[in-house]
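What follows is a pair of complexes built around chain A, which joins chain B in one and chain C in the other.
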Partner chain A sequence: MSARFSFSTPSTLRLGVLCVALLALLAAAAGLLRPGDPMAMVGPRGLWPLTDGAFPLGTDQLGRDVAAQLLFGARVSLAVGVGAAAVATLIGVGLGAVAGYFGGVADHLLSRLCDYVQTLPSFLLSMVLVAVLAPSIGSVMLAIGLTSWPEIARLTRAEVLRIRNADWVLAARTMGLGHGHILLNHVLPNGIAPVVAMIAAVVAHAVLVEAALAFLGLGDPNLVSWGAMIGNARPLLRTLWYLMALPGLAIFATVMAFTLLGNGLSERLDPRGAAR
Partner chain B sequence: MIPIERRSFLALTLGASVLAAGAGRALAAAGPVKGGTLIAVINPEPPILTNTVNNHFSVNVVSPNIYDGLLSYDQQMNPIPALAERFELSPDKLSITFHLRKGVTWHDGTPFTSRDVAYSVLELWKKHHPRGRTTFGDVTAVETPDASTAVLRLSRPSAIILNALAAAESQVLPAHLYENTDPRTNPRNINPVGTGPFRFVEWKRGEYIAFERNPTYWDAGKPHVDRLIFRIIPDAASRAAAFETGEVVYGPFDPIPLADAARLRANPELALTTAGYQWLSPFFTFEFNVKSKIAGDVRVRRAIAHAIDRKGLIEAAWYGFGTPATGPIPHYQKAYTKDVAGYPFDPAAAERLLDEAGYKRGADGVRFALWHDYSNDTESQQNTAEFLRQNLKAVGIDLKLRAADLPTYYKRVYTNYDYDTRSGQFSAMIDPSLGLYRLYATSSIAPGVPNTNGAQYSNPELDAVIETALRESDPAKRTEAFHAWQRIAMTDLPNIPLFELERVTLHSRRVKGLEDRPDAAFSSLKNLWLEGGA
Partner chain C sequence: MTLFAFMLRRTLAAAPMVVLMIVVNFLLLKAVPGDLVDVMAGESGIATVEQMADLRARFGLDRSALDQFQAYLSQLLRFDLGFSFRYSRPIADLVLERLPATALLVTVAVLAAVAVGVAAGVLAGRRPGGRFDRTVSVLSSLIFAMPSFWIGLVGIVLFAVHLRWLPIGGYATVGAPGAGWPHAVDVAAHLVLPAATLGLGYAALYARVTRAAVIETSRLDFVRTARAKGISETRVTLRHILRNALLPVVTLSGLKLGSMLGGAVVVETVFSWPGLGRLAFEAVADRDVNLLLSLFLCNSLLVIVMGILVDVSYAALDLRIEVTS
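For the complex of A and B:
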């Protein structure tokens, strides 16, 4: 790929990369910034933010450090976001490429499968999957990945359809190269750019769905999760509202970061956008 | 009996001695005012309106306004008259004779007779009531020598029947409307005809259930209010708002989130009480599957009991609404003893016991992992589970939380016994043999039946004690059996009773006549009246 950073990189992309990098850094440094178990009950209960230097963002109803929970929660959110996107990409790109490249019956069957999955309400399907598989970080990743691949599959198929009759592909075919080789080395590398932008959007979507599942009590109860923080603080809305507001802001920032990244990438990688 | 609330009585006497003007005002407010509409709130909406076939607490709150029991109970659990004016126990303790109140009629005008009692005991309570099958299992016949006498014949002496005759437990239903029908589907279950203080008017599903004063009620002068409405408000925050605006004036069984209790308690218009729930004697317990490998070791169970900070748990997860428990019978009961093995919060003692049991800390500081199952339908239960996990982590136990919806949780714990530990609420009941045998008796290991002996705990010595508590009619011997029960339970520790739950009743200060009898939350609202009427 030829996407290089330069001062001409669209500002959306730069902002997105910056935000995502910052988030990743915070998540990685969680153990250094707030050492120890984020779920340990370490302070007085219901301490407001900015009132005690030891707990800059206050404590929750059980006396747990909100800052530590937010930082460790970032790990869960990012892990689920990236993991779910990986599952969705593997399935989506695989099926989309096969459908687009071979066409015919394969295309017909896979496209109908796509249509079918898209008609199912994806959030309800995720809920059912998590409930059946028992809530854990793996099952949440899998459930979100299994419900968000069709968009990627459609886009990949369209791109592969566009490229499969290009001259260099026909040349490779004439040389007698195998289908797998052609797909992986000649078709996909030239059609993957818009899909990459879509993957960033899938990460943002996954972060949001993870939070919603955890809010409903379907998260991994043994890990800190922003959604679960909001869910647990629901009855305290009128007394300790910051317990809902802070993780809410964290979710907003993360989703925004990945959305910016996705939009930036699609602007940058779109040939017409680059010509602007 | 003049129903003066104790607090207003106190205010009256104090006021009289200090300030004449104050006394004058208190005197004017002393007598019950007639009339008005009492708007209460109940959540969730009761499925039906008699506890004969469904004893969910919402049914038990609403239905005693429609139906009476044979007896009621005072503060010390001594029987007081209701539909039965008095009763006699035969010397061999094999028959109980009830002398029924004369001149009582059903809301449809039909006279109430001993036939209704006989039918209710034999065909309804004994066959359909969830607990009645045990309570009235030994009743072989009910004789009705005349319209106002009913004689219960027993196959064995029973110590529990006379403690189970309140309207909250055993409601007398009209034989003329229930005979030859299936009581589970009788249309009168949702359009009831009773003998109680209020007559059913209308039930608008999802909105309200309306009642009006029964003008021919046997307890002359009652009820005080003309109309009684139970509103259905499913959202907790909306219920809190309804209390704040005065739309609703009475609500039992935690009508508001406990997190809001402190805020609403500070509201000068509202009052909060935790009295009236001793009938249930609810407690929160941490149960073990004693058939599982690690939790099967009593030293591990005792160590865990030492590792839990009960006071902190009550403050953090239950907003202070609880009292640390020393055993499965709450401290306010006659059968209570504090003379049992105690497990004060002592993490060092817990670590010692675990070391002795051979479970040393590994390189990562963890001794072993245990699954912990719970139903996360309330925030307090979720916070409790998280609190317990942190407590046990401090002594090297990795408590892995596994939250589930109620059916999944029930299936795992009470059908498959596929769990290590669990936590949840349990009702010991005012007569603990009514409630507690389910948790401790070998015969209560009943696969598929929720809230039974999920620990699969079995101790023949305790089984013998339970049998005595169920049968013995000598109060002293029975009390001794309850004491032995508590001692064995706290020594073997199949479950750790963590704390006695306090349930909350919220009401407007305009509502007067509230009682603190043990079953007040389950009693009819005939004694309530509204200051200023209307």
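For the complex of A and C:
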């Protein structure tokens, strides 16, 4: 499948890195740029963006600063995106590497498990998991991570399968090195490149899922989240529609940044796989 | 082997998956903090310890986990999904009541997405790197990066609030005639925005898959043969390339049809569409985990059924695929 054409010129990677770095910087500096509690009512109600220098992006129906909410919301989105991707990577790379390296029963079991998890309706499963575990930033991370690892596992397995009989791996084996050592130091470092690119795509996916969960009221109730901002703005579509539009643009920009990063990485790290 | 026998075999092969799903569903059900009786006691406001113990005994909640699982299984075999205490109704009734609205929404969305996506994919794949191809690829990238509920809300602001072309949400106008042509037109008008919102992402996906398949198929020998025979380019594209490029689209849309309830949750919530997705949202809002898990189980089973149907239609579409394994 050609998931990436056009959006992948030589500068894709640079642009992706730049956008992600900018986002991370904004999220980190949220407290400096807009000090205080983003949930506090600090100004007049329903102030439109670009009308008051004190609140460049306006205020919401309760007089809360929209710019502050967006900045602090970036923290949640990035944290959940990266956290969920970390969960998915740990499970996916771990299982995929073991299955690819040892083959046989382990490989068979992993394939069946991947089939099973990929058959489940993933968004509903995430909803169920968050509802069962009670909504919190940790449960959201876990719920998204637990539903998005099979792709990483399949790719890792394929890469390990390709490398496990390479000359240097056979050499390591004849030297009597242990399986764990060979897998970690000889096989994975050579097969991880395409997986890294996929991890960026998983982050982008996780940001979208987190937004949808928070929109449905399954986010951390104590933290500002872009999806929850949009959910709260729903009754005000006729009047204060910017309250819905701005967080949506923030989500869009974040997903785009990680997509660019992923496309750029896969191009740089795995030129011959560009057609995948 | 006949088609029927093939279906039977395929169904048997899916059986372990179904069992695993039921087990996982049961475990999740048991993982929910607090049981049915806690919920009921909370609802009624007054309950003594004795009453609660009595209720637990009556529902069999005091028995061992294995016994409870057995009861759960026999319950499922009788198509009994349990009882929703929020609605004071059997869950199976709720599901059946909401099913038609979701089926309508999802069917229209998938058909529209396939039509738009395949058309765009064929045109893009005919001239890879051309202007149309680049436009489609940029558009689909943009669509993939937007949350679907946000696309829906933007659609409401644009087409319902400002242009006033379409209704803002719901299934039909309240107070309007409930039958006949006016009703159908009314429902169709209410259907446009939700179906477009739900279908947009799938259209982008089908466009990409079709494009890739068209490019791949165009390189095959039989296409060159067809061209060499002097068949017109349009005919080659429609009869020779598209027909063969359509298989992955069939697979994908069948599988996606099964898992579309996830997307429907968000879209139905945005547009107050009274379907299963909306029911799932209400279950979340009411913390009715029983109901949510039942919907999850129904959807999981639907995905398996769709998988079987896809395999069967595959065998029917492509004569090279032998029905014998």
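Everything that follows uses one rule, which is that the second predicted complex is superposed on the first by the 262 of 276 C-alpha atoms of A that agree within 3 Å, B and C clash if a C-alpha of one lies under 4 Å from a C-alpha of the other, contacts with A are read in each partner's own complex, and residues count from 1 in each chain.
Here is the rule we go by: a contact is a pair of C-beta atoms (placed from the backbone, for glycine too) under 8 Å apart; a residue touches a chain by one contact, two chains touch by 3 or more.
Not measured: the values here are computed from a predicted model.
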Fit or clash for chain B plus chain C once both are placed on chain A? clash
By the touch definition at the top of the document, which applies to A:234: first (chain B), second (chain C), both, or neither? both
Have a look at where A:217 lands relative to chain B and chain C in the superposition and call it first, second, both or neither. both
Quick check on the superposed pair: does A:121 touch chain B, chain C, both, or neither? Answer first, second, both or neither. second
Applying the touch criterion given at the start, work out whether A:168 contacts chain B, chain C, both or neither, answering first, second, both or neither. neither
Please tell me which partner, chain B or chain C, touches more residues of chain A. C
If we overlay the two complexes on their shared chain A, which of chain B and chain C does A:62 touch? Say first, second, both or neither. first
Go through the superposed model and pick first if A:37 touches only chain B, second if only chain C, both, or neither. first
State whether A:48 touches chain B only (first), chain C only (second), both chains, or neither. neither
Tell me which region of chain C runs into chain B after superposition, given the options 39-47, 57-65 or 309-317. 39-47
Taking the two structures together, which residues of chain A meet both chain B and chain C? 131, 134, 217, 234, 237-238
Going by the contact rule set out above, which residues of chain A touch chain C in the complex? 1-3, 5-7, 115-116, 119-125, 127-129, 131-132, 134, 204, 208, 211-212, 215-218, 227, 230, 234, 237-238, 241, 244-245, 248, 251-252, 255-256, 259
Mind pulling up the chain C residues that touch chain A in the complex? 17, 20-21, 28, 31-33, 128-129, 133-134, 137-138, 141-142, 144-150, 153-154, 156-157, 161, 168, 208-209, 211-212, 215, 258-259, 261-263, 265-266, 269-270, 280-281, 284-285, 287, 289, 292-293, 295-296, 299-300, 303-304, 307
Could you list, by residue number, the parts of chain A that touch chain B in their complex? 37, 39-41, 45, 61-63, 131, 134-135, 217, 221-222, 232, 234-239
Help me check something: in the complex, which residues belonging to chain B touch chain A? 236-237, 257-260, 262-263, 312, 315-317, 376, 379, 382-383, 385-387, 389-390, 393, 400-403, 405
